[in-house]
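Two complexes follow with chain A in common, the first pairing it with chain B and the second with chain C.
On to the complex of A and B.
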């Protein structure tokens, strides 16, 4: 599990590297910038798996009624859902992703001050928070879709694939989707723009912590509304 | 105010109506059809602290749904509900500290870790003072015999062991109220007995309020003083168990084993007016209303006419009574008056 995640990531990196052997830039974005977006998507996914794998099990818990148990304990059901499982494959994603991020940073043209480094840490933490909030919010669909396995979280998860590349290559509709509706662009694209000091997009990069708060509020709200609909099983 | 106070409590479920087969599934996808089902229909229930209540009803009557509303798992569709001063579904976490829950079909134990580790987690979760935790754990371990599997993961122990461990888990934090949903389902007689004894001791010694649903009527007689019967989402009986028996289970049957066949059945029957007398070879059975005649009178009347080798008395069984209620053969509306004749409707 752990090594397969590493292999998948290295293959992804080689794919990007091969493309950039043929063309100098994608829509004005350099190889290391695209690698950074790619790495951020993987690091945050790793954080989601390693510490918050439980969101992926919510639909099953709700369908079978095992979710009952979380409602009769003196702990927040959201915390219990998040901490319900550990996905060790996340470790591989985190480690390789972090290595790619460090290599990426070494290839940035900007001067690294302590303040800028602190901002980097805040951005990566915010990106991970957005990712987990998206997972939780989409997992809450289980309260509406009464099936043992819901397609919604997987579908939303796949939207993250768009954010592996600069959003400028997409149509306005796709941009709106991953900037506003499901803010994956704040997981990878905007933080990368800030890290590389890309003038046109850096300011939006600084909004990432605010977007993280917005995502958490929205996810918790969705979960709470769904929870009122919870019907357990076997009446 | 009572510990549990419910007024007009109602839960409506929306069920998808799907026709069978692939065509049915496709049709359902485009034109969704639903049917509302009232699982619990405007029930009023009031339970005082320290009471032990059996909550009975046939399958699908609304027992579990009621318990799930009382524990805060389900949000009622309408009606008011206050348990220990809290609205359970609004203050789930606070409510959870006051209650213990054992669902016979589920477990609160973590599947892959030793039982004792689950208990330790409960200690941290409920913030049980260490001293109290140790006392409770020692006491429950001894009464329920948990020692032999304390270090085995919950996934590897038998159903009976799991139920005992679950009971311990639910009680470590000294809950005021214990909800039991079919606690003895699938258990052997020895385990059933030890669990019933244990629950009874909680009621007597700790004053724990117990609300229990079951299909095993032995559970009721051993543990509960009050029985509430729900059918089709409505409460059809709520009252004292002893009183219920006095009102509806008035008949007793004495079986005599005779030395030789009686010479005249008619003479015996004549001596026992208002009784139902049946014979089968050397056996003679007399069914009588224990409020009109005593067993002694019957025995004396029979023994003065025939030689009796042996006899025994059948107690009325609650089981019989409840079965009649479920089948609609017995209406329990007149439990208020002690002397009211049972309204038996022969089906």
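On to the complex of A and C.
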């Protein structure tokens, strides 16, 4: 699994690199900016699976009734779900994604001050938080769909495809979808705009930590609403 | 024809199973739509931003290329691969060994059963995407369409041959998901699914030329668009056929070695 994550990212990088061999910019965005968006999507995906793989197993826990155990333990079921499993494939995504991010940063035109570096760390951490919140919120669908596996989390996960490229290439409807409804744009696009000091979009990049808080609140709320419906398997 | 009837009924059952789990099938397909739509926007931006045709493609041709790629990728979903390797991993293959039929042929029937359904669903989805993005280039000559369908059939055979070989690794390893993901990534880049191979620099194109993957997307897509002259088309289709037969035979060879190595749930 470690190795396959590396292959996926090399293939993704080859794709972007090949396009930029033909054209200098996409809608004004340079190769390293697009690579940065791409890498952020993969790093945050890696964080989601390495530390919080449990979200992907929730539907199975609910279906088999194992979720009952979590309700009688003296610890928040949300924490238990998040910490339920470790996905080592995440490590490959994190490492290769970070390598791409570092190379990307070396190609930024901006002056790196300690304050800016601190902001970078906050942005990446917020991006990962948003990603995990999206996973948790969509995993809560398991409380409604009583099947051994739910396709809803995978479906929402696929929305991240849009966030691999600058949102300026999309129609307003798609932009609204990934900026407001499922805030994937704050995982990749806005942080990248800030990191590269793209004037027009940097300010929104600073909103990323707030969006992270909003996503967590929303995900926890969805989980709680679902939990109230939960009636154990076999009912 | 009696000896083929059992495989026909396997194929039919496999199709029926897909119908039973249609909600999963639909969501799976919807999931790939985001990817296709993202690619459409990306290429639209690239094409509308550059004055000349890129790599010899016009924008309507590129749209057609992307949809043919989507259509072919929709055939034989990962369910086929997943089930095949899980059968091996969880030992159900033992029952197959006792059955009076060829293992590879039965798996082929399972994989091909849902293809008509996958094909028509992808066609509907593709038509909607094409309409939203203002239409695509159609084959200039009806003959192109006929050759395309044949080439697409060979492409699906290659895919089966490859997927079968990859599933066989489940005899030796317990973690098949990583191998599946890696296979898809390599296939996507070298088949031309993400980007037409003409866009590649020479060294990458040389690598793609000696691999089986180009026969899975690039060759059928180029026949659809009529981008290759007669002799080149004939040559490329022959290469496809050689890979299809070669991979299926390789699969048989691996199988023969594998059943000797079979260790099911603790030996």
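Remarks
The rule we apply is simple: the second predicted complex is superposed on the first by the 234 of 235 C-alpha atoms of A that agree within 3 Å, B and C clash if a C-alpha of one lies under 4 Å from a C-alpha of the other, contacts with A are read in each partner's own complex, and residues count from 1 in each chain.
The rule we apply is simple: a residue touches a chain if its C-beta (ideal position, glycine included) is under 8 Å from a C-beta of that chain, and two chains touch if they have at least 3 such contacts.
The shown structure was predicted, so the numbers you read here are calculated from the model rather than taken from an experiment.
Once chain A is used to superpose the two complexes, chain B occupies space next to chain C without a clash.
Of the two partner chains, chain C is the only one touched by A:7; chain B is not. Computed from Cα centres after superposition, the angle at chain A between chain B and chain C reads 90 degrees (steps of 10).
Of the two partner chains, chain B is the only one touched by A:230; chain C is not. When both complexes are overlaid on chain A, the residue A:161 reaches chain C alone and has no touch with chain B.
Of the two partner chains, chain C is the only one touched by A:151; chain B is not.
In the superposition on chain A, A:23 makes contact with chain C only, while chain B stays out of contact range. Among chain B and chain C, the chain that touches a larger number of residues in chain A is C.
By the touch criterion defined above, A:173 reaches neither chain B nor chain C. Looking at the shared chain after the overlay, A:15 reaches chain C, while chain B stays out of its contact range. Within the superposed three-chain model, A:66 lies in touch with chain B and out of touch with chain C [touch as defined at top].
Put simply, chain B and chain C get as close as 6 Å, counting only Cα atoms, in the superposed view. Residues common to the contacts of chain A with chain B and with chain C across the two structures: none. The part of chain A that touches chain C in the complex is made up of residues 1-5, 7-8, 10-12, 14-15, 18-19, 21-23, 26-27, 89, 151-152, 154-155, 157-159, 161-162, 164-165, 169-171, 174.
Partner chain B is touched in their complex by these residues of chain A: 65-66, 68-69, 71-77, 146, 228, 230-232, 234-235.
Looking at the complex, you find that chain C touches chain A at residues 23-24, 27-28, 30-32, 34-35, 37-38, 41-42, 44-46, 49-50, 54-55, 175, 177-179, 181-182, 185-186, 188-189, 194-195, 199-201, 204. Contacts from chain B toward chain A in the complex involve residues 13, 16, 39, 60, 62, 64-65, 68, 71-75, 92-94, 96-97, 99, 101, 103, 105-106, 108, 125-126.
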